[in-house]
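Everything below concerns the one structure shown next.
Labels run A, B, C and D following the written order; every chain starts at residue 1.
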Amino acid sequence: MVSSSRSEINHTSTPGQQLRRRALRHWGLMIGSALLGLIVLIALFAPFIAPHDPYAQDLTLRYLRVAFMGGTWEHPLGTDHLGRDYLSRLLYGARISLTIGLVAALISGTIGTILGVTAGYFGGRVDTVVMFIITVRLSMPVVLVALAVVALFGGSLTVVVLVLGFLLWDQFAVVMRTSTQQIRSQDYVTSARALGCSTTRIIMTEIMPNVFNNMIVVITLEMAHAIILEAALSFLGLGVQPPLPSWGLMIAEGKDMLFFEPFLITIPGLALFILIFAINMLGDGVRDVTAPENRN
Amino acid sequence: MNSLLSVRNLRVEIPVGAGLLKPVRGISLDLNKGETLCIVGESGCGKSLTSLALMGLLPKVARCSGDRLSFGGQDLLGLTERQMARLRGRAISMVFQEPMTSLNPAYTIGDQLIEGMIRHDGVSRAKARDRAIFLLEKVGITAAASRLSQFPHQLSGGLRQRVMIAMSLMCGPDLIIADEPTTALDVTIQAKILRMMKDLQAELGMAMVFITHDLGVVARIADRIAVMYAGIFVETGTARQIFDTPTHPYTKGLLSCLPVPGKTKLGARLGAVPGVVPALIGGVQGCGFASRCPLRQAACDIEPELSERGDGHSCRCVHDTPTLRKAEWATA
Amino acid sequence: MLRFLLTRLGLAALVALTVSLISFSLLFLAGDPAVALAGEAATEEDIQAIRAQYGFDRPLPVQYVAWLTGALTGDFGNSYYFNTPVIDLITERLPTTMRLGLAGICFALLLAVPLGVIAAIRPNSLIDRFALFISVVGQAMPTFWFSLILIVIFAVALGWVPVSGSDTWRHFILPTVVLGYFATPGIMRLTRAGMLEVLRADYIRTARAKGLHPLKILFKHALRNAAIPVVGLAAVQLGFMLGGSIVVETIFALNGAGLLAFESINRNDFPVVQALILIFSLIYVMLTLLADLLNAWLDPRIRVA
Amino acid sequence: MRSSLLAAAIFAVALPFPVMAGSDDNSLKIAFTREMDTLNPFLNTTREGVILSRHVWDGLLHRDQATGEYVGNLATSWAWIDDTTLEFTLREGVTFHNGEPFNADDVVYTMNFVADPENGVNPQRNVSWIKEAVKIDDFTVRILTDGPFPAALEFLSGPVVVLPDTYFAEVGPEGMATAPIGSGPYEVTESVPGESLTLTRFADYHAGSPKGTASIDTIIWRTIPEANTRIAEMLSGGLDWIWQVPADQADRLAATGRYNVVNESTMRIGYLYFDASDRHGETPFDDLRVRQAVSHAVNRQAIVDNLLKGASEVVHSACFPSQFGCDTTVTRYEYDPEKAKALLAEAGYPDGFEIPFVAYRNRDYAEAMMADLANVGIRTSLDYKKYAATRDQIQAGEVPFAFMTWGSYSINDISAITSIFFKGGIDDYARDPEVIGALDTGDTVTDPEVRRAAYSQALNRIADQAYWLPLFSYNSNYVFDLDLNFTPTPDEIPTFYNASWQ
């Protein structure tokens, strides 16, 4: 666009400063990171903030309502079907849900990035093979395969995280492959090659730093994806196992009383919604800020 | 005056984050039927936006204003988008710089050639097709009928530009605005296309506004020339006047960049205008060319008016004509 | 063109083969299902007999080849639970899922494309923000929760549509909305981005310079080009929907292939699970092939290449 | 989100939905969770199949739910000729849904078909006691048993129904599954696999049936896997009858006053079992004191009072109290966490231990028990799977500790539960010779007193050794339209032929 190219002329600031300025002006990014930061803090300090032991049950105190809806301030968000403090479970649940998202995204990120960068950098036959692997992966029905695996190997946190990690790498591979292809053909990479730098060195020092932005974007996407999928698996009874309070599992447990105590599903549902919302905002923000030419 | 196109003090302003960008700062021109006006300038001087402003095709963010913008006696500034659309392609048409991307890849060239005529003239497809074939042959495309079913990607750049030119002629416009139509082409093809355009113009009696940065092209085609710099015309005149007696230091600078057959000695250095076009945010203080001008002086802090330098030849400079004519560019 | 088609079909076969090998090995790892088949009163001898009868005692490659040979002729064996041919079960239930998937993708396209287009024409307008809101909600809301909320509001409280079942088209409204809604954000974002890019394209300026009607420019010149990536995404989304309609089918009691898959997993009915994974992956590959063909029609440049 | 809160608001006030009272066309819309594997009564293994079989087919006998006595259905009288021979006089004038008249040939054909293990009747134990059937005349048959089998009458009044011989010979088991024909009060007029069945009242149903004359014309039988969907259908009037509604939901639905909510005990009991016989290798449960510790650690009464509610009770012996031979005077383990800790310490686990814990239903009960166990130091990791997968693992000897349940196929005899789990079969994790011997005796003699004594011995041994921790009996909540006359029975087989609209 005419306008933006001209407007850059006047800026004499460094790219880093420009980035920071754009980031600070991007309300989505700011809201996203603030919310996510808050949730991370909650997760980290759950043992200090939680008013009760999230696993302590009291069968005589079941389904206490939210404090301002007729409950007590002893249990501000009420209690669940086993009389456990809902607020405490929610706070601890942040840990589980974040862990699931983060670890799954890291596993899939590692697999996908290795595949994608390899394919993009070497091209040719390597690329063909990787593309084939990606197609195979994409053609496998994720939910179905995840369910089958969890059903076979039992639904522990480890299994769920591993399954999701091994199923969600496709976006990483696709995006990393494209980004690497683009960067590979750039002059500075060509010159590094001409200078005789080793392949590993080129990939680590020239390619990786430049695909990092895209990676952050995909990580956020896949984190959100993993968390949502875990909730779906939990709903179908094949997610993480109780008494772990993942938000997905809390929704799944709360759904039994959907018609009678809707707060049981609304509270963790809202928490999950905010988490996903924050992650998506962050991802969109990073994309907008780091790649202004792609800004919609 | 009974000119076809008459422009007075045309301005284009674009609000950007840091202020108001003023890429076109008040230009005026008159164009008669069958005449060719070349607007010459470096990239970024506002010439493309000028052409878009004439067509009413400015980006939405841009604001266009002026004292007068009349075409065939009709005031274009007062027209609605709808009325303007009826005019575009029919009375005024445009040829763009990028033949590679200016055609829609998804449709055949036949389809793209005839759609404007069907809309404006309400003719049948068959009739429009006949006209398209006729014009394709006119622009020098062989086997024109079979070309109609081809897609843009199947044609070379030169052919595509010929198609674009044919397309602009479909409704027999009174004015063609050509924005660097040959820049993206090979030099040999450039020459052919230019000759063809000149011939067609003569044959069909159209007026043409030809925008280019290439004085070599200008020499081949122009009746009159306007040299544009930083959003304004710094020198206007007939082709002869500009080439023979360039007056503004910028024009002289541009001309010194041009090898002249028979005048420029083999191996001699060509000139170059040092410096860059100033940023156009918030307007320009004083003469926009001052920072690059060898004749710069204190008076240049005030922007000079375009002043008559004899027989319709105008120049925007504080210096008097003899001083200007005398001055030589030190080759860089 | 023929070559292109043949290559793609070959690729499809290869993909299906790989997927089936992976899923077969996975289920093999789970141990043999003879115990389940033998029933509760079975003795060790019964189990051994069943093992031999079904060939569970053979090594994996032998079992796989045997299974594959059958699968090529449409024989996926018998369901352990229903004791009827797997292929009958699937042909009986796949149409429901297909109908749901097609309805879902149509709904998604009908919602997402116009919204994306309008959002692109008027960036930062109210509609753009609404579209953004829809897409954010769509990405952040678990399917089952959304389904239940829709049931509560439209089926129970307002009584506009039936809660569950598949008797009439009205039964398909809510599941279609749910399934389609989750494909909406992606399609809308892509449409919006594509339109924004296309609207900046030189040929749109050319079309405007020809004085064409704005709607003609939008629909003829812009949308067709912006649609090309959308077609690919829609095909992929449809593939995901077919393989991912499990939750929706469960909640709305639609007896489709997704529910069959889920129940079969719960019942350790491996032949059905195995066959469904294969069929879903085949459908996916076919859909992407279809998308490529459609794109070749939309974009003549691909056609020749 | 906002809509959910809106919904919450709506629900907090009241349930403002029109409850469709009664039925215009005398039809009844009911829903079940599971899809039947087959409609063939001798091949299906689901509770739904048992219910269907009672409606579409008749057995020779019928057990009166009120008195517990056996009465004749397709048979009018019967007698044990000797230890292994039962003779029946058949009812005349009965026809099947397809018009085929009922006679001795149907009984003989059916019994001989199902008795042949080749024909794969599932579960086999329903018929494995039948040796053969012999026709005496057109309306007299004899059934010979494989050794003395005192529970024969129970099976003949339950799962063993009579099929039409001509039709069955023609269409075979598959045909019987797609187009079932019986002589019961309802005929199957439409079947959409996995979705719905339509049962229509059989106009020519024999008048002398102990099942009585059905009142409802049509039963629309749907499969709805999701519990909330079933409730939503009830709320919107799309269903008239549901069951197995969890206690909490049932309480709330009852509180609206818009539904009949009836709680009825079932024969299902829950239990924890321990791998006491090293099937899974060495586990802490090899030590009796550990098993006893667990038995003292779980607060069964609290779970019954707060989670199961209704007609549920804590059970102490490895059977349902009403079952024949179920001696309830065995050793009891009261809730006593201190004692549990002491026993654990004594056994060498002062700090408890970790153990995987398998369960397949009632995750909330399992969670509650896990919390109790955690209190005494036993840290469990829940492995919650579906029934088929769980059962496979257990039968393969891979599960040291699990929370399971058993419904005895609604057979009111201890042989349908204790004998299955403690006679050394693949489900037996105790493998105690004394128990096996006692159960063998109980299962094969006909003298009720001898049986009772043998079973009592087995049950006492099981309790003393704490091979199982019997937990509680289940109950089922039936929720149905206020205008529907329906009476649940403890055998968990709802009989819609006795239901009617007001």
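Please note the rule applied: a residue touches a chain if its C-beta (ideal position, glycine included) is under 8 Å from a C-beta of that chain, and two chains touch if they have at least 3 such contacts.
Since the model is a prediction, treat every value here as computed from it, not as a measurement.
J.: For chain B and chain C, what is the smallest step count along a path of chains that touch one another?
T.: Minimum step count, chain B to chain C: 1.
J.: Going by the contact rule set out at the top, which chains touch both chain A and chain B?
T.: Both chain A and chain B are touched by C, going by the contact rule given at the top.
J.: When the mean CA coordinate of each chain is compared with the mean CA coordinate of the whole protein, which chain is closest?
T.: C
J.: Averaging each chain's C-alpha atoms to get its centre, pick out the one most distant from chain A.
T.: Looking at centroid distances, B is the chain farthest away.
J.: Need the CA-centroid distance for the pair chain A / chain C, whole Å please.
T.: 23
J.: What is the distance in Å between the mean C-alpha positions of chain C and chain D?
T.: Here chain C and chain D have centroids separated by 38 Å.
J.: With centres defined as the mean C-alpha position, give me the chain B-chain D separation in Å.
T.: A distance of 90 Å separates the two centres.
J.: Based only on mean CA positions, could you tell me how far chain A sits from chain D in angstrom?
T.: Chain centroid spacing, chain A to chain D, equals 45 Å.
J.: Which positions in chain C are in touch with at least two other chains?
T.: Expected reply: 137, 141, 145, 148, 152, 250, 265-266, 268.
J.: Going through chain D residue by residue, note those that touch at least 2 other chains and give them in order.
T.: Residue numbers touching two or more other chains: 1, 4, 7, 228, 232, 235, 386, 389.
J.: Could you list the positions in chain A whose residues touch two or more of the other chains?
T.: Chain A, residues with two or more chain partners: 1, 151-152, 255, 258-259, 265, 269, 273.
J.: Can you tell me which positions in chain B touch chain C when the two form their complex?
T.: For chain B paired with chain C, touching residues are 55, 57, 81, 84-90, 93-94, 96, 98, 101-107, 112, 115-116, 119-120, 151, 153-154, 164, 167.
J.: Flag every residue of chain C that touches chain A in the complex, lowest number first.
T.: 11, 14-16, 18-19, 22-23, 26-27, 29-30, 123, 136-137, 139-145, 148, 152, 189, 192-193, 196, 200, 236, 239-240, 242-244, 246-247, 250, 258, 261-262, 265-266, 268, 273, 276-277, 280-282, 284-285, 288
J.: Under the touch definition given earlier, write down the residues of chain C that touch chain B in their complex.
T.: Chain C residues touching chain B: 201-203, 205-214, 216, 220-221, 224-225, 298-301, 304.
J.: Please give the residue numbers of chain D that touch chain A in the complex, ascending.
T.: Residue list for chain D touching chain A: 1, 4-5, 7-8, 11-12, 227-228, 231-232, 235, 246, 248-249, 252, 302-303, 305-307, 363-364, 366-368, 370-371, 374, 381-386, 389.
J.: Which of the residues in chain D end up touching chain C in this complex?
T.: 1, 3-4, 6-7, 10, 16-18, 35, 37-38, 43, 45, 122-125, 128, 174, 192-196, 222-226, 228-229, 232-233, 235-236, 238, 386-389, 391-392, 395-396, 420, 425-427
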